[in-house]
Amino acid sequence: MTVKRILPLVLLFVLILFPLMVKDDYQQHLMILVLMWVVIGSGWNVIAGYTGQVSFGDAAFFGTGAYTAGLFAHKLGISAWWAMAFGGVMAMAVALPFGWICFRLRGAYFALATLALNEVMRHVATLWESLTDGMVGILIMQTFVSKVPYYYIALGLAAVSVLSIQMIMGSKWGYYFVSIREDQDAAESLGIDTHFYKMVSLNIAAFLTGMAGSLYMNYMGFIDPEVVFSLHDISIMAILVGIVGGVGTLYGPVVGAFVMVAVHEFFRTGFFGFFNTLAVLTGSDVVHVVAGYVMQAHVLGFGILVVVVILLLPNGIVGDWDKMMGTVSSVRKKGMAG
Amino acid sequence: MEVFLQTLVAGILKGGLYSLIGIGMTLIMGVMGIINLAHGQLMMVAMYVTFVCFHYLGIDPYLALFISTPLLFLLGMVIQKYTLNPLMEVESLLPENQVLMTVGIGMVLTEIARFVFGSDYRSVKTSYSSSAFYLGEISFSVALTAAFFLAVAFTVFMFWFLRKTDIGRSIRAVGQDKDAASLMGVNPRRITIITFGIGAALVAVAGTLLMPLYYLFPDIGGPFTRKAFVITILGGLGSTVGAIFGGVTLGLAESFGATYIGMAYDDMIGLLIFLLVLLFLPGGFKRLTKI
Amino acid sequence: MSLFEVRGLVKHFGGLAAVSNVSFKVHQGEILGLIGPNGSGKTTIFNLISNYHRPTRGTIHFKGRNITGLKTHRISRLGIGRTFQIVRPLGRMTVLDNVIAAAFAKVATKAEARDLALETLAFCSFEHRKEVLAKTLSIGERKRLEIARVMATQPELLLLDETAAGLNPLELEGAIELIKKIRDKGVSIIIVEHIMKVMMTISDRIHAISFGETIAEGTPHEVANNPAVIEAYLGKEYAEGS
């Protein structure tokens, strides 16, 4: 129990010290991505893991947040940082009518509708050229040269996300979310407005994901519809982050973000440059060609990963039942102690 | 008026093929309760099979049907048996694990195609690819018309198959009530495998028939998966007759959209229909006809 | 004025009439037994009251207010609780968490909800199982959890759907005792049960239906000797011969 309570603090401490210890730009960049994915994965976990409404279209909210930030800077000349919170709010503005329509129906509809929303948003961003410049995308000046400020902003956002979700899950909302996941009819019979609370849950997810999108715009300085509304690179990635670590667990998305960014990078760089090094070392043309193929096939690796994860780890690394219930009861016991 | 009629004809012809795609998807939906998000990608595979047959072996696309359809039937069975069925045994928090699995499979299929064939646009140029005949002022593309009638034939065959054969009846039984069906001696696991095979085979027929008309590239699967699920939603999840209506409706909507609004909105129109159905006709056409 | 009343309730599923013209009243603090052969429409009536299905015709009144067509959760909030014939535990939550989730209907904070839940579990003599995952409970325990959970919403009218079915004799005793205890708290109850002994001993009045229609109403003794009821249960010959 005590280990469980101390571990997050240790982790936070290590994360705070990280940029002081590791000066390498590339590694700092990866850590910023990890923290961003912690935010997105946590959001997905609220609606899918805790509330049981699986979203296949997180990119709709992510992209909305990113475009909000981008357009603030691009069209209004306001610092994109101001748009951080507003990006979340805009994502909620998308989520509100969407949820209101979709949650009237049960079953496969929500999952499909999120998928459709993802596509609709991408098309809108592509076709509405007068606003978004379409496929050209949006380029803004980055605020900082160093990665360290971005890192701390991302860390703050991630920490606040995890903390606020912990608080929510220990409250009435959290109990209602899980009740809806377990049995919607039973939840209704106990006086739970399931439609309303599904909306609440979706909007929490949308807000967090939208904020992450704004962060991405600020940090990367460039977005286009294919990047931020990507089904595979954002929506499916969000699901994997949520699943790999452990569905319906507080720290599952944290673990998932580390693992998935690492794995993604592993494939993208050809096993962290292993094949390239091997090619240089051996001087063999064959290895060189193989290295080229491996780098090209990183999406294939990603796809295979989806298949393997669901086959072997459907509930994630920290996500078997007892552990999950352990998280719920630890939240409860904390509530008692405090 | 001519433009209107021409658009109408093109829409209906395209709709016939869409129906075939939709029936495959809706069969899988009915029996397994999941949306197969690798449906378009399976079609893409069938198209590459057709392309290889034509380009390297000189086999006419219509003859290639006899190769691509059984091949995809096998592929579908393998996918169901080794990736989807194992998921039934693991207790999981999320009911959508199988759907997510199909997304993964779709990605793998697309990337394998890219790996093997590259991202280049491919096509099958037959003597009849661009020929047309005229009824009055209205032109009929030979390939599309032939595809339409073959699609209708396959659809009729499917109806006969589902109603008159033992396997067909078993498929419908599992679709209606899995537990009751297994009490009656139907092995639901075997039926799911066969159903996925049939679903893949049907979309393979559509893919092969489309090959003389379309350009082929690895990412073509995604848009067709989206079309397939719009059709399925339109028809009402799991309804075969609904899928035909859904297919024709989507074909018409796309055709009219392309003529009167603009080609760029092709994909948007399907999604717009999806949204409208969700808003005003939850449950799809099934709700109207009670079929 | 009666606490609760249904007037001329009708429900058609497609062309099939599951309930046709059923009316009854429940008074403050009484237990009304609803009996009828299998498939006579008892559970359907419960589903109509809590609006899982919308009545084709007829109205439902609670405390002088027409509540027909209100959403399920609103009806629960107004003070009509129900259990399910086929129990629906929130499987991957503990017994205590199940009850806490229900208790939030009445209180806002976690601490209050927990207190109320513990109190309710004690009332239902179920405290000793509070840390157990609901899906691991036995059928008897699940039925008890259903009652504990709905009691945490502090209903004024309770609809019990076969809460004694599938219980062993010891559990059955406990269930009857609990139902009486709930009644003594001032909660009115409509109960559906197949075990006649239970119905006869705990009901103040009994309302009998067959094929979706009322066939008799009265005290347990009156209804038990009503020819129409005997016929519905045992067949025509038996009724004439007796």
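Lettered A, B and C in written order, each chain numbered from 1.
By our rule, contacts are C-beta pairs under 8 Å (C-beta built on N, C-alpha and C of every residue); 3 or more make two chains touch, one makes a residue touch a chain.
Please read these numbers as outputs of a predicted model, since none were measured by experiment.
Participant: Could you name the chain whose Cα mean is nearest to the mean of all protein Cα atoms here?
Facilitator: A
Participant: If we define chain centres by averaging CA atoms, which chain lands farthest from subunit B? Would you check?
Facilitator: Of all the other chains, the one whose centre lies farthest from subunit B is C.
Participant: Express in whole angstrom the distance between the two chain centres, defined as the mean CA positions of subunit A and subunit B.
Facilitator: 32
Participant: Measuring from the mean C-alpha position of subunit A to the mean C-alpha position of subunit C, what distance in angstrom results?
Facilitator: Chain centroid spacing, subunit A to subunit C, equals 44 Å.
Participant: Can you give the whole-Å distance between the Cα centres of subunit B and subunit C?
Facilitator: Chain centroid spacing, subunit B to subunit C, equals 48 Å.
Participant: Touching at least two other chains at once: which residues of subunit C meet that condition?
Facilitator: 92
Participant: Mind pulling the residue numbers of subunit B that touch at least two other chains?
Facilitator: 93, in rising order.
Participant: Taking each residue of subunit A in turn, which ones touch at least two of the other chains?
Facilitator: 324
Participant: What residues on subunit B touch subunit A, complex-wise?
Facilitator: 29, 33-35, 37, 83, 86-87, 90, 92-97, 99-101, 103-108, 110-112, 114-115, 222, 226, 229-230, 233, 237, 264-265, 267-268, 271, 274-275, 278-279, 282
Participant: Which residues of subunit C touch subunit A once you look at their complex with the stated criterion?
Facilitator: So the residues of subunit C in touch with subunit A come to 50, 52, 71-74, 76-77, 81-82, 84, 88-94, 97, 100-102, 104-105, 108, 110-111, 113-114, 131, 133, 149-150, 153.
Participant: For subunit A, which residues count as touching subunit C in their complex?
Facilitator: Going through subunit A, the ones touching subunit C are 170-172, 175-176, 178-179, 182-183, 185-194, 321, 324-325, 328-329, 332, 335-336.
Participant: Quick one: in the complex, what on subunit A touches subunit B?
Facilitator: Checking each residue of subunit A against subunit B gives 48-49, 52, 54, 56, 101-102, 104-105, 107-109, 111-113, 115-116, 119-120, 123, 127, 181, 231-232, 236, 239, 243, 247-248, 293, 296-297, 299-300, 302-307, 310-311, 314-315, 319, 324.
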